[in-house]
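These notes open a run of structures that come right after.
Paired with chain B in one complex and with chain C in the other, chain A is shared by the two complexes that follow.
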Partner chain A sequence: MGLDIQTWVNVAAYIGGGIAMGFGAVGAAIGEGYTAAQASSAISRNGNAAGDVIKSMLVGQAIAESASIFALVVAMILLFTNFPATTPVMIPAVFGAGLSMGIGAIGAGIGAGFPAGSACIGMVRQPAVSNKLTTNMLIGSAVCQTPSIFALVVSFILLFTDFSARPISPTWAAVLGAGFASGLSAIGSGIGGGIVAKQSCDGIARQPAATTTITNIMLLGQAITQTPAILGLLVSFILIFKSYAASSALAPAMALLASGLCIGFGAIGPGIGEGVASSGGVAWVARNEKHTGEIVRLMLVGMAVAESTAIYSLVIALVLVFVV
Partner chain B sequence: MAIEGADIIKAAAFLGAGLAMGLGAIGPGVGEGMAAAKACEAIGKNPKEAGLLTRTMLVGQAVSESTGIYSLVIALLLLFVV
Partner chain C sequence: MNELGKVWQLIVPFGDYKMTFNLDAILMTWIVIAILLLFGFLAARKQKLMPGPIQILGELIVSQIYQLTEDALDKKTAPKYAPLICALFMFLVCCNWIGMFPHMHEPTKDLNTPLSLGLLGFVIAHYSGIRAKGIKAYLMEYCEPIFFMAPLNIIGELAKVVSISFRLFGNIMGGSIIILVVSYLTFSVLLPPFLNAFFVIFIGAIQAFVFTMLTLVYISVQVK
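Then we have the complex of A and B:
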């Protein structure tokens, strides 16, 4: 077959575009469905509040949608841009861009649906605090989007960087690994951030007097929950911008691909786990505000321990890039 | 590009190391988070026992961490020994 590089770049761009939008649609749909289910359940308890509940359901769903809109943008760029076929590295680069954005949108979509659903339920329980609930929900869902923004950044860098001066092998594996690292690592942090925000909306409906404390602790917990995604972003940047010695052997290339997979998969568990830990802290600060200090201290210790396996993954990923 | 047997074996070992540590990190991360969430709940219910609860949580998390450490050991063995 006498196919040239340009053909393969187009093939990779179209497959990448399909993956970006296909996976990118998963999370938002689940999150928004959860919100709608909670809103229906809330309206069935008190039909008079239907107007407020539907308003806040739509606002929450709009935010949960944003991750899949990023995926739509990347898919459109992949379909309609004429990528320069100066080097075969463009083939894995455009594919990796689709992979990063597609997988990276799953977590943020699911996560942002949780606080919106919980705010709908809370509004029916405590109609007097619906403004506070909406504000808290907006802050919480917005923070859930950060991992998908990391994935978007990496996918733009992969699309518009000029790789023509780099050696073909092992750069092809580095760009593919970078896509996996930022995409997979965004899943855990997105879902984890959503679990924290859900619990804080719940807590505000239960104990409106403690709103400020609850929102602060939620932000603290969400910030730490984002760290696994930041580690994934870090490894992606290292993989994309480090310069490699040309080599025709398979092992150096496989080490770079494995490095991306390692931090990508390794960040999923700690992201979700830290979210669960922090949701416990937020829930019980709402019930027992007097002992906020003790609860937050224990929450932070627990989150630090949950982070440890992400750090192990980072160590192995960095060893794969720099040592072996 | 002539690929030799030793090269393929090394490549497989690297890929295996990455997958071992990456997939192995999922379980302990989630499990330790659950332990911490329940410990926060327990302190909220009974703040006087904070010391005992912290100790219990850390012991439980250490046990849950063990599979993560196994993954780390296997990854290091794949990278540097085999």
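Then we have the complex of A and C:
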């Protein structure tokens, strides 16, 4: 049994594929379950609207599942593509690709379930605005998917970049770190974006006259909630595309891996926290539209403060890459 | 699937440096500009009290975005920034939707386009902030809550440019990769039109709107 590079690349691809689909199944299932629970509650309040509720539940669940489907696509590619074993760096690269997509799909899956459930409840509360609620729910859940799309981009870059000209020693840690950075950092922003969208569906059911304002503020809040995931994406791009001097020492390699872990874990909390902050903004604008300006400004300041911890992680991650 | 990640580049030696032009992005941007100029010409050519279809579309976009700008800023400053916001939105929507057609690539798929637009918004926001508040009040804002937080505040401001441009780039790039890969896996049967409808039309329009809204909010935070 010869354990050449090709064998190890295949081994890593299979393990990566398993991780991609295994972790990728976690989030969407939780999100969809939440949606179904809320839909049951909605139907028990007003059985006459059952048709609308079931339709909206199914549409919402279909969108919540898209993160999982991205993971499925990556897993299929990992299983059925024959990766050229030009360099040993391909081993961590294909593994990191699976890791990035698998972990990255958790947050978006959970998050996208929240608005769908809340839209079902809203529909029985205000049957007249079901169309507006469905539109808002679709926009909110679609924007929730953004962090998982970032993870997908990183995993494709890892799979299809040619690493053969790079030195093996620090690059293996860099590609692994890139997978961790984009995967982990997508968790918080995915969940946070879902919380914002949930409150906006609640808000539209409460105050249908303010629909446009609420949708706009939801988009703004979700966009800023994604910042930690984008910082993770930035660090993984730096890790993948920076050119390193070859060195056999372990410490610089570990610094690169640690940099990915640092921004990855550091982005989870700010993502959720910013989502909570901005969900407050959306919810209270729905109650008092007259003071939208003040509420939004406070929301933005609060989110900026909540984001500062992500920026601390970014600073440390960049120090680990460029200074250490 | 080999075209994934391939960029057509023209490299011109310039002294010791190499100037690199991404031909796809440049060509597609020119096409978008031509489409927008044509649209503007047709919408404003024969203005009538009973407008034709293209004039209605133009009026709809312009009035909606002016309204949006007025909500974020106020009645006095809004007319100053609304043309910029309007142009930004229409350019981005056109850029994102052009990928729908075969052999066309979204200019926003190239990081250079979103990054330059993000820098444009950043510079305009900070310039108008200095104009509105004066340089002293502008600089004092970085020293909140305490003066030694200034470096982190500056990094936070720079992170805004990164986040606004990478958000657009990541979404459009991700959408186009998914369309390409799924079309390849299913031999272009059945799925691609739905994927195009979702990722190009829906996500493209939403992300163009988000980019525009964020630029507007960054300006309004600086001006007020």
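The criterion applied here is as follows: the second predicted complex is superposed on the first by the 322 of 324 C-alpha atoms of A that agree within 3 Å, B and C clash if a C-alpha of one lies under 4 Å from a C-alpha of the other, contacts with A are read in each partner's own complex, and residues count from 1 in each chain.
FYI, contacts are C-beta pairs under 8 Å (C-beta built on N, C-alpha and C of every residue); 3 or more make two chains touch, one makes a residue touch a chain.
Just so we're clear, the structure is a prediction, and the values are computed from it rather than from any experiment.
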Check the residue A:324 against both partner chains and state whether it touches chain B (first), chain C (second), both, or neither.
first
Answer with first, second, both or neither: which of chain B and chain C does A:234 touch in the superposed model?
second
Mind working out whether A:17 is in touch with chain B, chain C, both or neither, as first, second, both or neither?
neither
When the two structures are overlaid on chain A, which partner does A:143 contact: first (chain B), second (chain C), both, or neither?
second
Output check: A:188 vs chain B and chain C. Expected answer is one of first, second, both, neither. What do you get?
first
Identify the partner contact of A:302: answer first if only chain B is touched, second if only chain C is, both if each is, neither if none is.
first
Which partner chains sit in contact with A:31 here, chain B, chain C, both or neither? Use first/second/both/neither.
neither
Who touches more of chain A, chain B or chain C?
B
Would you sort A:271 into first (chain B), second (chain C), both or neither based on which partner it touches?
first
Looking at A:291, would you say it contacts chain B, chain C, both, or neither? Reply first, second, both or neither.
first
Which chain A residues contact chain B in one complex and chain C in the other?
307-308, 312, 315
In the complex with chain A, residue positions of chain B that touch it:
1-3, 7-8, 10-12, 14-19, 21-41, 43-45, 47, 50, 53-54, 57-58, 61, 65, 68-69, 71-72, 75-76, 79-80
Name, in rising order, each residue of chain A that touches chain C in their complex.
70, 73, 76-77, 138-139, 142-143, 146, 149-150, 152-153, 156-157, 160-161, 213, 216, 219-220, 223-224, 226-227, 230-231, 233-234, 292, 297, 300, 304, 307-308, 311-312, 314-315
Chain A contact footprint on chain C (complex, rising order):
4-5, 68, 71, 152, 155-156, 159, 162-163, 166-167, 170-171, 173-175, 177-178, 181-182, 185, 198, 202-203, 206, 209-210, 213-214, 217, 221, 224
Parts of chain A lying in touch with chain B, wherever the complex brings them together
188, 192, 228, 248-251, 253-255, 257-281, 283-285, 287-288, 291, 294-295, 298-299, 301-303, 305-310, 312-313, 315-317, 319-320, 323-324
